[in-house]
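Quick one: this structure, given as structure tokens, is what I'll be asking you about.
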Amino acid sequence: MVDQLLNLSCGLFLLSAIGVLWRRELSALIALLTVQGLALTGIAVLLAVDHHSVEAAVVAVGVGLLKAGLLPWLLRRVLARVPGARETAPLVNVSASMLAAAALVLLAYAAARPLVALAPSSTARAAPVGVAVVLLGFFLAATRRRAISQIIGVLLIDNGIAAVAFLATGGVPLVVELGVSADLLLAVLVLQVLTTRLHAAFGDTDLDELRELHD
Amino acid sequence: MSAWVAACVQAGLVAAVAPLLVGFMRAVRARLEGRAGGRLVQPWRDLRKLLRKEPITPTGAGVVFTAAPVVLMATSVLVAAAAPYLSTRGPLSGAADLIVVVGLLLLGTVALALAGLETGTAFGGMGASREMTIAALVEPTLLLSVFALSTRVGSTDLGAIVAAGATDPAAVFTPASALAAAALAIAVLAEAGRLPVDNPATHLELTMVHEAMVLEYAGRDLALVEWASAMRLSIMLGLLANLFIPWGVAGSLHPAALALAAGVFVVKLTVLAGLLAAGEVFLAKLRLFRIPELLAGSFVLGLLAVITSAVLA
Amino acid sequence: MGLIDKIRSIGRVAEPATEAPAQRLPAAAGLGGSVQVRHVDAGSCNGCEIEIGQAFSPVYDAERHGLRLVASPRHADVLTVTGPVTLNMAEPLRTTYEAMPRPRMVAAVGDCARDCGMFAGGYGVLGPVSDVVPVDMQVPGCPPEPAAIVAALRSLSGR
Amino acid sequence: MNQVATALGVAFAVAGVGALAGLVVPARVRSAAAGAATTGVGLAGAAAGLCAVSGTSWQVHLPNLLPLAGVSLAVDALAGWFLLLVGGVAAVVGVYTVGYAGQSGHGPASRTALAMLPVFVAAMLLVPAAGSVSTFLLAWELMAVTSLLLVLSEHRHSPAVRTAGLWYAAMTQAGFVVILLGQAWLAAAAGGESFATIRAAGPGLSPVVSGGVFLLCVTGFASKAGAVPLHPWLPRAHAEAPSNVSALMSAAMVKLGVYGIVRVGFDLLGGGQRWWWLLLGALGVVSALYGILQAAVATDLKRLLAFSTSENIGLILLGLAAAGLWAEAGQPAVAGVALAAALLHAANHAGFKSLLFCGAGSVLKATGTRDLDELGGLSRRMPATTALVTVGALGAAALPPGNGFVSEWLLLQALLHQAPGGGTVMIVAAPVAVAVVALTAGVGVATYVKALGTGFLARPRSTAAGRAVESPRSMLAGMGLAATVCIGLAVVPGVAAPALDRIATGLRAGSAPLPSSGVDVRLSGVASTISPLWIAVGVVGLTVGFAALARAVGRARRRAAPWDCGDGPLTARMEYTATSFAEPLQRVFDNVLAPEQDVDVTHPAESAYLVRAVQYRRRLPDRIEARLYRPLIAAVEKVGRAARVLATGSVHRYLAYMLTALVAVLVAGVIR
């Protein structure tokens, strides 16, 4: 039963990452990010139940609050301040990036097989999902122009790392997770300020225009 | 022998239910739009009237134009008879193969596209071109979800897949089949020409895909085309239902079991159709050149389904 | 989720249907309660078009009476024609009528379609619809009310 | 005397007689004589193949027929399959040629062209019958030269033919050299040049040697088979050659490249390592996708068919690759299915592609154009041709109940089957391959809808198309023969099962793939069945039934002008053309095809808001050729120009070169 639920939440986790690449509306992206946060929370909770560990449960709750609550809320505020940015401006067209996503996921599964073989448990078998999400996050950050897309990409990467940590080792120490999350929060806040300043300066949040600051 | 009877019954059932299903979807849409809407049997009334009216062949069009509706109908009926809707033990085990079903449905599409070109009108050609483009792009998704489903069973035989699912529920609620279901659902939307890929209710020729090919058909021909299209929708929704909710399908050919299965099948269809109709209210038609994005997404879902089924299996 | 709230708050806007017409037009006996409508504007001022549009709007909801607008005369049973037939629209009107499969009917909607109304004798006007194609039924009014149009079409579908 | 021997003997004898007849008889009856001879050769070869696939093998060594190695022939089931294939195609084309070449006495009816035809067929029969490296290479070269002569047979009509001939000559000779190197290396390593010795020594060779040999041979054979990126000769030669020759080349000769790969890869080297087959699979994937995409946007009918040949070759190679991988993974049953799929698809492709190229020839003869944008309306003018081409197109589109469908179904079964032992590679490779096959099938359907719908249906788009007349009876007869074969293969492919079982078991590549396949096709490794006969019966029966029913009840049909929105009659210029039909696909695959298109809008003098004329131009260059071959050719030319310095034209200089060369050789000999 737990295994089934775990598989389903892993599927949801990966799907939301794919969806982030698929959709164009930034609001939809943020919604998907929330879903992913929930899926991650689900994974954490299930593992905590599996291991009967209180600490893991605490981590899970913290993760849930941060990923499904605070960060999306912050992103919504960023979006609200930048009226112009409704859609992502992909550098690679969406169909192509879907195919790239397919390739990346294949790569992730192929690469993570030794990891799976290492600890052939149902949780470890889902670990490739985390790797795939990390790759997708990098891809998103690399091929989308709006600053918010970059933020979302970074958040995907973090989610992926967290998922790998949970699934492969069955939970990370509370301190580590909290530290990482704190850094992320900081990063988001910085980027939020940056975006608003950018908008004030250029009236656009297209990061390519930062190059103008060089010369 | 009884297997053949069952197949005929099944084909008859699908043929009878399909127009009602269309009527039901129109009713749901009407309610959500604040209208009263027509009766359930209205599509049947339309068909009856169209069958009475005279068919018209445009000058210069030949046998292809008159043959296309019949071919479309024939393929639909064949699939409706072969696929495991009521019982997993059909007579045409060699035709109940998932790949064959896909091919037969595609054959119907091709017949209609050729007819659209045969009329020599600009709209006919436009519809044919768009329909074939979409059909070509849907194919990979379809076969990848077939792949994901067949690895579970080691066969592409629909009956075997459904039977396996019905006997082992745990094998159905896997991420693999969830992904395959999502991919297949999008493919079904595209194949059946529903929103957001095609708008079956449009009156503006330039936005048409399927409708543009049948603009020239009248009377009996049109009746066959519309009936077959309705059947295709039911066929695909039925496949979706039985592949991913495989319960209530009779394992034997006992009349009572078949009757029960028929009831369950109709209920499944109604639920899916209602969901589809309600969902369409919230959707707008995609631009033609945004459709590849949608299909690329469904393709990735299918691929993920295969991978997960291979890795988690 | 704004749309769902709107749907819930607005609810049903269609007005309650009046009872079905007593007798059906004999010519429409073969239709058996299903009437597909194709519209041609033969030179109208578009007042009648607006009213016809209203007739198929959620408020009057002609669809519940088995009426539907279709995209091609090949699919149609009834041709609704509005306006006095102008010289330029006479031929298209004739072609459209020819393109319809039998049995086919023509409804002249509005006073102009019946007797050119205020445009009678205009230099671009050829004449009323009945001069060009055989008219089976007429809907008076300038413009006729949606209810009148629906009622007239219902006398074809019989529901 | 063995039947195979008799049949082959007859074939070669008839070929000689036919060549002679083609040279001597007057032009009136020349095409009839040569056509009859070709058919005779074809039938004899097919008979030999039939005996061979049904179990009678044959080998002989004739040491003093040729100096040095002599000639040795060996015919087993595999060779028989390809003999049957080549013979069948030749029989069809022979009948077709009688009417196609006509009595004009030039072009395809010229003395050389008609004399070469039976010789070409004989050479193609000799290739699979060869039993030793030297004989094989001899036959291969004979085939190349004769086909080149045939390609050039219309060189007086257009310069395009000459460029095509140049490309073909260059690439086929390069391919021959590569094969020569590969097989010479193989023979040297195996310590004997007869296939029997090599077969014995093959599996024991060091991986370096066998890998190198495989690479060389696959390169050469794939270029002959027209696999992307070794294909540029193919669309040119197939399009510019006379259509009966195109049919022979595309349906039969190209398959001998496949034969070579099977013979060397599976038989002589006895399987191999995984990377061979992954490489072959990659080749197949690229060919299938690129070929079908180019075909989908092509407006020249014969160019379309040529690129679709590349696509089908790609599918066949994919099947072979799957067979190799499964055999290497220790799954003989599935490997057998994959091999059967590849071989069956080769046969199916031979059937429908010969039919389609003959059909294109009839169209070309009747209208004088191959441009789909100029055609249309032929279904009224040439009903029989249209019907026959439809049969071929159904097979080529791989739709049920066409004959292409069964083999693609087999291929998919072999790929869909996730057997243990595949490992990560198969887990990743199989879905990709399935997706590629699916996309290829989908685009292929669109392609043939375009070819049929814009080429044969609707209204004629040019006066030439409007004046077309039905082709003579002999051409229809030839195409009818091909159509019959196609239908047979489509409805009862089970008849080929014993032969395929025998080949698979003989090759040690896989166990019998299709045991007890009669009407149904049953697979040994995979739990799937298909009954093409019942599908065909169902489709046709229901269609006829519904048509009769619809005719019986209801009103009489009326003819009316097509609905023109009430605005004047529709002209042919308003129809969708092949270009416009393919436009959405071209846009979707813009990044792959990289079309060059420009739109000029000319305005009248008075206002820039009005438009006088809009001109739209689109070119679809073969991207691989432009990016890969053009630079190569440029480099070669540069070298050539540099070498011209040595050749001043003075005889003394040349004699001096010879002397120095001679001295150098002698000195080298002295030093050693």
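Letters A, B, C and D name the chains as they come in the text, with residue numbers starting at 1 for each one.
We adopt the following convention: contacts are C-beta pairs under 8 Å (C-beta built on N, C-alpha and C of every residue); 3 or more make two chains touch, one makes a residue touch a chain.
Given the structure is predicted, the values throughout are model-derived calculations rather than measurements.
A summary of chain positions shows that the Cα centroid lying nearest the centre of all protein Cα atoms is that of chain B. Note: centroid distance chain A to chain C, computed from Cα atoms, is 56 Å. Rounded to a whole number, the gap between the C-alpha centres of chain A and chain D is 49 angstrom.
Remark: chain B and chain C have CA centroids separated by 34 Å (rounded to whole angstrom). Chain D has its Cα centroid 36 Å from the Cα centroid of chain B. Touching of two or more other chains is recorded for residues 52-56, 215-216, 219, 292, 299, 303, 307, 311 of chain B. For chain C, the set of residues touching two or more other chains reads 72, 74, 99, 101-102. For chain A, residues touching at least two other chains, in rising order: 95, 106, 109, 113.
All chain pairs that count as touching, in label order, are A-B, A-D, B-C, B-D, C-D. By the touch criterion given at the top, residues 26, 30-39, 42, 45-46, 48-49, 52-56, 202-205, 208, 211, 215-219, 222, 281-282 of chain B touch chain C in their complex. Those residues of chain D whose C-beta lies close enough to touch chain B in the complex are 377, 379-380, 397-400, 405, 409, 412-413, 416-418, 427, 430-431, 434-435, 437-439, 441-443, 445-446, 449-450, 452-454, 457-459, 520-521, 526-532, 534-535, 538-539, 542-543, 545-547, 550, 553-564, 570, 572, 574-576, 580-585, 587-588. Listed in rising order, the residues of chain C touching chain B in the complex are 3, 7, 10-14, 17, 30-34, 36, 58, 61, 63-66, 69-72, 74-75, 77, 99-103. Chain A makes touch with chain D in their complex at residues 95-96, 106, 109-110, 113. Contacts from chain D toward chain C in the complex involve residues 555, 558, 560-561, 563-567.
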